[in-house]
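Please go over the structures that come below.
Presented sequentially are two complexes of chain A, the first with chain B as partner and the second with chain C.
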Partner chain A sequence: MSRNAGSDVKAAYLFIAPAIIGFTVFVVYPLIRSFYLSLTRYNGLTDPVFVGLGNFRRLFTVDPAFWPSLRATGYLVLLYVPLSLVLGLALAMFCNQRFAGVRLVRTLAYLPVVLPAIATITLWKFIMNPQVGLLNTILERLHLPTSLWLQSPAMSMPSVVLVMLWGVGGTMIIFLAALQAVPTELYEAARVDGAGSASVFFRITLPMISPIMLLQVILQTTAALQTFNQPKILTNGGPGFSTNVLMLSIYNNGFPNLGRIPQLGYASAQVWVLFILIIAVIALTAKFTSLWTYSDNTPD
Partner chain B sequence: MRHTFIATALACAGLLTATACSGSDSGAGSGDGPVTVTVMTWESAPTNAAIKKALADFKEDGITVELLDTPSGNFGDKLASLTQAKKLPDLFWCGNDTEQQYTSQGLLVDWTEKINEGDGDFKADKFVPSAMENWKTADGRMGGLPSLMNAYGVWYNADAFKAAGVPEPKAGWTWDEMYAAAAKLANTNGAKYGLVADQLTGPDGPFTMSMYSVSAGGAPFTDNVNHPTKAEADDKYTEGVQKLVEAVRNGSVSPPGYDASNVQSLFAAGKVPMMFGGQWLAAGFQTDKPKVKYGFAPFPQVQTPVTLYDSVGICTPQYTKNQDATFKVLQYINTKVWDAVLPASPVAPPAYAPAQASYFDALSKAQQTTVVDTVKADLAAEKTVGVRFTTQWAQQVGDLTTATYQPIISGKKPISELQTYVGKINDLIKQGG
Partner chain C sequence: MTTLPTEAAAPVVPVTEPPAPRPPKKPRLIGTTAWYATALFICAVMVVPLLWMITIGLKSRTAVFDIPPKLLPTEWTWSNFVNGPEAIHFPRLLLNSTVITALSVLGGVLTAMMAGYALARLRFPGRKLWFYLFVGSMLLPGVVGLIPLFQLYKNIGWYDTWLPLIVPAFLGGNPLFIFLARQYFLAIPYSIDEAAKIDGAGHFRIFTQVMLPLTRPAWITMAILAFQASWNDFLNPLVYLYSSEKWPLSVGMASFISAFAGQTPDWSYYMATNLLYMLPPLIVFFAAQRYFIQGLGALGSTNQK
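Up next is the complex of A and B:
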């Protein structure tokens, strides 16, 4: 290796050093530390006490909140991810057309994403108040059936998902970029061949944006598994455990209400369960990717 | 979430810095130099301003008092961060549960000797006895002193009672009368439920229900909330639960899961005719005049009056640099500060009995006579029950309550499950969590 090459290598390491240090300090160390804490009884006030797999045993066999939390998380993912993809894509397709005021429509669709999340969620809480909320007031005026919304065990999760879908503009904007990247000559050729709208959508649009769809599935699923804001503000996990998703359960165990001792070791064990769950879901999604994504690099 | 996180992190960082700075000053207190005693409250900005003004009159050579400016929200998160960083202020507002748990971890200064054997009038026997008892740990330590009492009862809309032809609640009324009134008041004048009682149907519900069983001559849900040896649901207790289940089923009482976060506004607007609540609402009602004529009654009874006991107080971390100086400020807050703060905002009666006059005077001047009567009756009550476990495993009891007790109240699980629920709590008590 020449002297110049050696100094280039040093310079390269120097340039990537901040990233490596940051990754080590903010990702690797917390990962190792949280795994260690998951094997301890730790309240943040006194030294951790090693309990082996005790926290995991309690989680899977004793804790009355864990399995309902897992169910609530799964329900949320199953409701939110397909709906956000369908709505996001539909909105993107609508905004991808040429009509007067399309830019304004795009802005309006994206606006909820840039508004302060906590404020809008709090506003939704008032809107969904069964007694004095706007939603029931409108339904009553229209002589339609009302609902307890967030206060009903059956309706609470759909209501939370409804509020989450308020931010579907984020999904839309990525789909819109993908749609605009589809070569127009493909559509022109299809039209010449007499293809209908459905054929164009399923045979051209969907395959061409399928890599972006994959990205969206992974991003939306990961985000849904880590949902916190909406259930925290809207329901705080209730009624019962109906919206007590894993992230909220972790938070409540790690940072409980005033007057209760934190269970940071136990919460760390829950974090690892969530982490493994996310890895498993992403691995499964990636494994079946080739079945439904189109790639130019697919060998003949 | 990210915004909240950043805001909380910045607030904590600010607090850490503030306490860290004051810590260096406090260090001088270990010798003969000047001492700064830091104080952190969970009060609103106006109340904090009144406390700050009152603390400015504290005159003691070499002692400066600094009230830390901190927004009142998320006090628990702030406390947890400061505790973990070992940067707690010298005096911080705390609940009885925090005091019990922190003391058991050896984190707080034990004031037992000072409050029992100190000079002057600032002695244990001048405090409300139930408050002092409640603040003692199993081994007799006191990791703080109670400062304000919470008295609970039933807030009622007198106009709604009159319109429905139902007699207003008063001392000695019964649980059956309460449920009957709730049934008549439900679904009238924009009110969905006749009674909103989060304390009965929420996480603390099993403890509140003890009022029924004890009043009927039965046993409380637990023998001691601080250091329990058992939980039980005897016949009287089960009878009380049965009545509540029926009231929830017929729609007169709000079910578990009812969002009680804005119930005060609904009450003030006349849309909740009756609600369980604490005396502190009186201060808010004094400024934000409700639309309706209202009153505050003691809890109903079966045979004898029973109420909940609860108090908040002020704690000091073990590592405070100058315990004598800190205790002097603590004494000043308990004996003088409330006199200055409560007339403008009568939130609660002080636990230090000689300081209670200003609280009751303020309420009397505002013609809140039912509040005065109920709070006085509450403070003098012979039979009281605790509001919740203060143990380290209390969170697990909360989860059990959500999993079993609340579905029983909703009618989704049979009442026979009550014994299973109690059995699981007894397992926790035996295992210590």
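Up next is the complex of A and C:
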């Protein structure tokens, strides 16, 4: 048996070796290196110069673009995450009913998620064109007020979020799986007791799917904090700094247009600000978990 | 009456739920009408932008900018589907995307399955530790790696090659896949390994000839997710690839619409090409729909152990 166990260990490390190498090179190394770089001035050509917390001081006290980028990121998260969760859940509950054709609705609602992000984002950039875009064309035909959408400083971020919400089918599918896992006896018992649909939703549905809801809050917030494609392609941060989210700012500092000097140390400091924000979100959500999620008390 | 057209379309999709009959209660006509009105609205929101994209793709280059805009093209310009792709060297970009995606799917699925097999079915010291490290690394935002890895690739001469887009996949790639693979391997009865071992099979043979066929749904799901991730990836190729002849479709398509030196992008060309760019993921989706749903269901339940 011991001989067998020995061969198990050797085989195991052979099977797992690629993942361990990958973990070291793509997780451990960048984590340490990026923390070090955040404390340096570094242009990618000459050696990094250690500057202590200088980058962070510059971020928080000098850089006129940093606070707007933090504000834009916060605005995006606060607008997108609640809307995505509410719409996703509503759509899931809608598609969880028994009607002929419900599968078609489900498939179509999920369709935008399948399409390449770049393809749908660029499509929406044209849909939101104020002069010839589909959105204003439809609004005009219905005699509703039109908008400059991405070109207006006030509407640019809501427009970006609107484009992101077109992919709400992704949230829907996950909530749909969660809804279908709720035991039907609970609903039957509630019906026997004469519970109204509101109390069924708040006392059965919501508590039963709360673990998935929690996971979605964490995943969607961390993903939203790292939004890059939509603002990059739709607005490139404009107009003004209205959609210049943190990721875009990191990209522009670290990988600027030709002719400008990359500020890799400075961009690394921004990465760490983002990273700490993400950790804070996860920690806070986890802290409040026990307050509002349902658990069936199976410790393991 | 309103139910008829959708009724006919429904059975195309594979059946996944028990065909429980609708409760034959009082006729909820108002409820039904409201449901179908909402359903129609949802479908319109999802489909109309795509239909509109196709009509733009069929309009002539100037008709796109007609004011007021017309919904349908007055003259149908099918040549956009030839000239548009030609304008951005679509065939080359398609080839690039295909090679990058195929290799990263292969690498990502293979190495995640291997790691999942070891973590789930082999006993070795450190097995719990590695599992937690891999799962924990799911929380690490990708952006943390961007700058150090960019410099690393530059130093070893990988900048402006496809290697940064492919090699990471062969090194465990996505920790989520390792997690999914492990969960799937845990569900397979151990008596199967025992039987294979008695027959004299080594771990390599058990893995390739016993486990891979048994875990087909798991690796198909992963392959689809990996395909989507690689086909859609924009930031990594944008950062790591400089020469336009090495770009995948995502970067090529995005550069198509950024106006160079005040030039207006050719929207009708663009939309025609965009349709072609969307086709492969669409085909994969409709061919493997149930794996999509399965995979995402697995994602949804990741916190349930």
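We take it that the second predicted complex is superposed on the first by the 279 of 300 C-alpha atoms of A that agree within 3 Å, B and C clash if a C-alpha of one lies under 4 Å from a C-alpha of the other, contacts with A are read in each partner's own complex, and residues count from 1 in each chain.
Note that in this section a residue touches a chain if its C-beta (ideal position, glycine included) is under 8 Å from a C-beta of that chain, and two chains touch if they have at least 3 such contacts.
Fair warning: this is a prediction, and the values are worked out from it, not measured in the lab.
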item: Contacts of A:Gly44 with chain B and chain C, given as first, second, both or neither; value: both
item: Contacts of A:Ala117 with chain B and chain C, given as first, second, both or neither; value: both
item: Partner chain in contact with A:Phe255 - chain B first, chain C second, else both or neither; value: both
item: First, second, both or neither for A:Asp8, with chain B first and chain C second; value: second
item: Residues of chain A touched, compared between chain B and chain C (which is higher); value: C
item: First, second, both or neither for A:Pro68, with chain B first and chain C second; value: first
item: Footprint overlap on chain A, where chain B in one structure and chain C in the other make contact; value: 44, 116-118, 125, 131-132, 228-229, 232, 255
item: Chain A partner contacts - residues on chain B that touch it in the complex; value: 1, 3-4, 42, 75-77, 79-80, 83-84, 94-98, 101-102, 105, 107, 190, 192, 255-259, 262, 266, 269, 271, 390, 392, 394-396, 399-400, 402-404, 406-407
item: Chain A-touching residues of chain C, taken from the complex the two chains share; value: 3, 6-7, 9-10, 13, 17, 20, 22, 32, 35-36, 38-39, 42-43, 45-50, 52-53, 56, 64-69, 71, 111-112, 114-115, 117-119, 122-125, 127, 130, 133-134, 137, 139-152, 154, 168, 170-173, 178, 202-204, 207, 228, 231-232, 234-235, 239, 249-250, 253-254, 256-257, 267, 270-271, 274, 277-278, 281-282, 284-285, 289, 292-293, 296-297, 299-305
item: Residue ranges of chain A in contact with chain C within the complex; value: 5, 7-9, 11-13, 15-16, 18-23, 25-27, 29-31, 33-34, 37, 44, 91, 94, 97-105, 107-112, 114-119, 122-127, 131-134, 137, 140, 166, 169-170, 173-175, 177-178, 180-181, 211-212, 214-215, 222, 225-226, 228-229, 232-233, 247, 250-251, 254-255, 264, 267-268, 271, 274-275, 278, 282, 300
item: Residues of chain A that touch chain B when the two form their complex; value: 43-46, 63-65, 68, 116-118, 125, 129-132, 150-153, 156, 228-229, 232, 235, 238-241, 244, 252-253, 255-263
